[in-house]
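Look for subunit A in each of the two complexes below; its partner is subunit B in the first and subunit C in the second.
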Partner chain A sequence: MRNPAFWRLMILVGGVLTIEVLCRSGVVSSYSMIPPSQMVVALVDMIRHADWFWSDARYTFQNIAVAILLSIVLGFVIGLIIHALPRLRRVLNPVLLSYYSVPTFVFYPLLVVIFGIGPSSLIVMGAMFGIVAMISSTLTAIDRIPRVYGKVARVGRMSGWQTAIRIKLPAATPRLFTGLTLAVAYSVTGVIAGEFIIATAGLGRQLTLSYNEFDSATMYGLILLILIFAAVINRFLQSWEARIYRRWYRK
Partner chain B sequence: MTNDIQVALSEVTRVYPAHSGHGEVHALGPVDLNLRRGEFVGIVGPSGCGKSTLLEIVAGLANPTTGSVTFEGVRVRNQVPDGVGVVFQEDASFPWLTVRDNVAFGLRRAGVNEAEINRRVDHAIAFMGLGAFRRAYPSQLSGGMRQRVCIARTLVMRPRLILLDEPFGALDQQTRLLMGEELLRLWRETSATVMLITHALDEAAMLSDRVAVMSSRPGRFIDILDTNWPRDRDSRIVADPRFGQFTSKLWELIREESKKAMGIQ
Partner chain C sequence: MKQRWWDYVILVVAMLVLWQVAFYMVGPDAIAPPLETVQRLGTLITQDDFWNNAKATGIAFFYACVLALVGGLVIGVAIGSSKMADEILSPILGTLYSIPKIVLYPVILLIFGLGLSAKVVFGAIHGFFPVALFAIGAIRNIPPVLLRTGRVMKLSWLSLARTILLPAAGPEIITGLRMGFSTTLLGTLIGELFASNAGLGFMLMRAMDIDNVPDIMALTLLLFLIATGANTIILAIEHHVHAFNK
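Up next is the complex of A and B:
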């Protein structure tokens, strides 16, 4: 029995080959979907020749980067504040727990009204998506710091600041990192989906345009690019997270 | 003789105030106890009698409600005094640091120079039998070894008073006996005063010069017994008929109190 990664790869390759065969044989109409090999060609062609590509890609990735940064930093700080104020936590807890059951996109038109059609509304949309995951993970991370560490710090006569930096922060790292991975994933989704709805530029915007113009090659090329981007980021963060958890909890 | 008294507890009580609909809880005392410099004192008592509260008060981690504690003549309040080391029952090793870095943690915070850190850490690691695991992370070690890391981390700070709160509570019987031997070796080498909180009567009997027996809550000392064991004792003392007699005596003292604590008539 080979390892699960091998079987994951086999399922992926099998799925891609099946779609390739279905598209090439005409079972799936070329108006609906182009073969995966053509998606790759379309993507390469788009990267090399489309005059909008680099400026729109930069626009999207910059917005994503700022949204991720905001959701992580603000999520962490707000998490610390809520943790320090138990009454506020009791008030906010139901909101935090049910946040992701609310379709946050309904607020996007409102954001456009407030911030205009531009990077600001997209960044706020992305940050709104990611921030609550980071807040919840920060709260859990602090809750799970063993109480005995606080006693160890007091026996070592460490100041509050030393305790926070040298003991509490490292002790909270695994769960903070889980929040970070979720915040990244949600922020990416928030920005690209926002561009897809209303935007003046960005890969999501190009995706909408190509869809409206029946430009399957560009549309599938962009879908492939976004999937690759999400998969690479996800894989990188997962392996980093696994390394941290292995060190902390290896048996 | 008074100079030999390192820790003095006088009329110490601890009462937890009423909270969230529960009335106040009188957890401890009043208790009086003197620890002589260099002796090994075991504290035993029924569950919930305030043993750990007593340790926290002696350590300066909690304040007594009334009464006073002094360490080397200075009143202990709000802060753990310099020269006091504590080993807790819970695993307090840091999973993000190697064994070596765990042991060196307190020394680095205290600003000790690197050469001295290396010397003390190497000695403590070798002393606790962790030499082969110096680069390992705690998650790669057994519970007993992680507790040894915590003891080594305390040891390198060269405490004059070592407080142990059921440090072997989570370990199996054989490991506890061997860890007890290591603790005795450590005590002889450092000449530190040791106060051991434990629920295991045989552990207290084997390790201690004196065993203080506490009542059910609010914990008071019912009796303080001298074991009269030689200083170079080890776990083989359990085979001595006097050990059985001593442990029986402890049980006799504590039996009714344990029943009271459990609510058994």
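Up next is the complex of A and C:
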């Protein structure tokens, strides 16, 4: 019974039960929040019966997938370029450091004018939000590669490519992974936020619609779905990250 | 990294040039040019309406910041001090930190109603988690030998905190506070964008609704300046503390 995972499950169950009791007993009014059990029912109902569900879900998840891919690949490449040019890095440093205190969503209407209403502006929004986390992590990842590894490569007479693939990349992997986790979380937020503001389809748009129409069943079903999706991805990436760390920093 | 003043000059000039080029490419329907934006900002800050909204944002941000920073610090230090609480709760906090809190805005609106408390709560839930997580990490990473030394020297609780805990955990806690400050600002502004009837975020949303491009650009510029300015100041303090500890 000393297992942390067991206690976490207990806390989760306890939290959900508390909300359930608060909602059922009327402490929290049914206009503000429906009981968690009803949220699950609403979600299942929505997945099985709502005619818009699959097309909107596919729209959102496709956009999220492309945004994540773009922010990770471009963020890594841009990170490499910036790292190779110390001058550029010094100039960009203030922007990289304070990027996440600016609500990037304010640029979304601008994106809509440039790319039109549709997947491209949502993808660009998500990628814009995720890419800087990846760039910053790539920079620290390369910074933290121990000098002695480079010496080992020279002693072993490895070529530039060999050094990059067999020494530098593995040594940078754990910290790159931290950036990847952040980029995923930010890209999801970016795409969903874009769908809140201006969109013609997607789960974020359905959420706004259901809120405006006081359809709390659909609203809470959608919120539950997005939160479960984000939490599952995060737990998966976290355990993967822990595995990589254990492998590279084994005592 | 040593920052020199001409790095800032290059950055500002480069951004202005990019902005102007973007204006020529996209046209006045979407972008206002730099000069016009600055002029518009100049007129905005002479208006009472602007200052009322700025005050609303400031008040909301202040409350949200106090909640997030104090709450995050207290809970983070409490969890970090117990190995068991750390093992059980840290992954939960990590997951809560990563979920897109933006989907919670309808819930917060329904519970707290349109107005100050919704914005404050929205700002605070953004800032709370990074502060708590960094505080937990800071306490966790204090080398046990330091604490044992303190015990051998029979330090009182107060002098233990002053001479060992604070210097050892301080720098990382300050990094967390800076992140918390930034994310609280972000959260408060997002709260105002989606869920409010006053504040700079609300002004921005109003400008978006009527496609008032110069106002959108002027407010965006202002928010950008406030956010980067505040962040740069706190970063300077952070560097000072880190340097002091070496």
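Operating definition for what follows: the second predicted complex is superposed on the first by the 247 of 251 C-alpha atoms of A that agree within 3 Å, B and C clash if a C-alpha of one lies under 4 Å from a C-alpha of the other, contacts with A are read in each partner's own complex, and residues count from 1 in each chain.
Going forward, contacts are C-beta pairs under 8 Å (C-beta built on N, C-alpha and C of every residue); 3 or more make two chains touch, one makes a residue touch a chain.
Since the model is a prediction, treat every value here as computed from it, not as a measurement.
Once subunit A is used to superpose the two complexes, subunit B occupies space next to subunit C without a clash.
By the document's definition of touching, of the two partners only subunit C reaches A:V188; subunit B does not. Of the two partner chains, neither subunit B nor subunit C is touched by A:I165. In the superposed model, more residues of subunit A are touched by C than by the other of subunit B and subunit C. After overlaying the two complexes on the shared chain, residue contacts for A:I47 are found with neither subunit B nor subunit C.
Angle at subunit A (Cα centre) between the Cα centres of subunit B and subunit C in the superposed arrangement: 90°, in steps of 10.
In the overlay built on the shared chain, the residue A:S101 is in contact with subunit C alone; subunit B does not reach it.
Of the two partner chains placed around the shared chain by superposition, neither subunit B nor subunit C is touched by A:V21.
Once the two complexes are laid over each other on the shared chain, residue contacts for A:L110 go to subunit C alone; subunit B is not touched. With both structures placed on the common chain, the touch criterion links A:V13 to neither subunit B nor subunit C.
Of the two partner chains, neither subunit B nor subunit C is touched by A:I81.
Annotation: superposed on chain A, subunit B and subunit C show a minimal Cα-Cα gap of 12 Å.
Shared contact residues of subunit A with subunit B and subunit C: none. Per the touch definition, subunit C reaches subunit A in the complex via residues 1-4, 7-8, 10-11, 14, 26, 29-31, 84, 87-89, 91-92, 94-95, 98-107, 109-111, 181-183, 185-186, 189-190, 193-194, 201, 204, 208, 216, 219-220, 223-224, 227-228, 230-232, 235. The touching residues of subunit A, when paired with subunit C in their complex, are 4, 7-8, 11-12, 28, 31-33, 89-95, 97-98, 100-103, 105-107, 109-110, 113-114, 181, 185, 188-189, 192-193, 196-197, 204, 207, 211, 216, 219-220, 222-223, 226-227, 230-231, 234-235, 238. Listing the residues of subunit B that touch subunit A in their complex gives 59, 61, 79-80, 82, 84-86, 88, 90-92, 94-96, 105-106, 109-110, 137, 139-140.
Within the complex formed with subunit B, the residues of subunit A that make contact are 146-149, 151-152, 154-158, 162, 166-167, 170-171, 173, 247-251.
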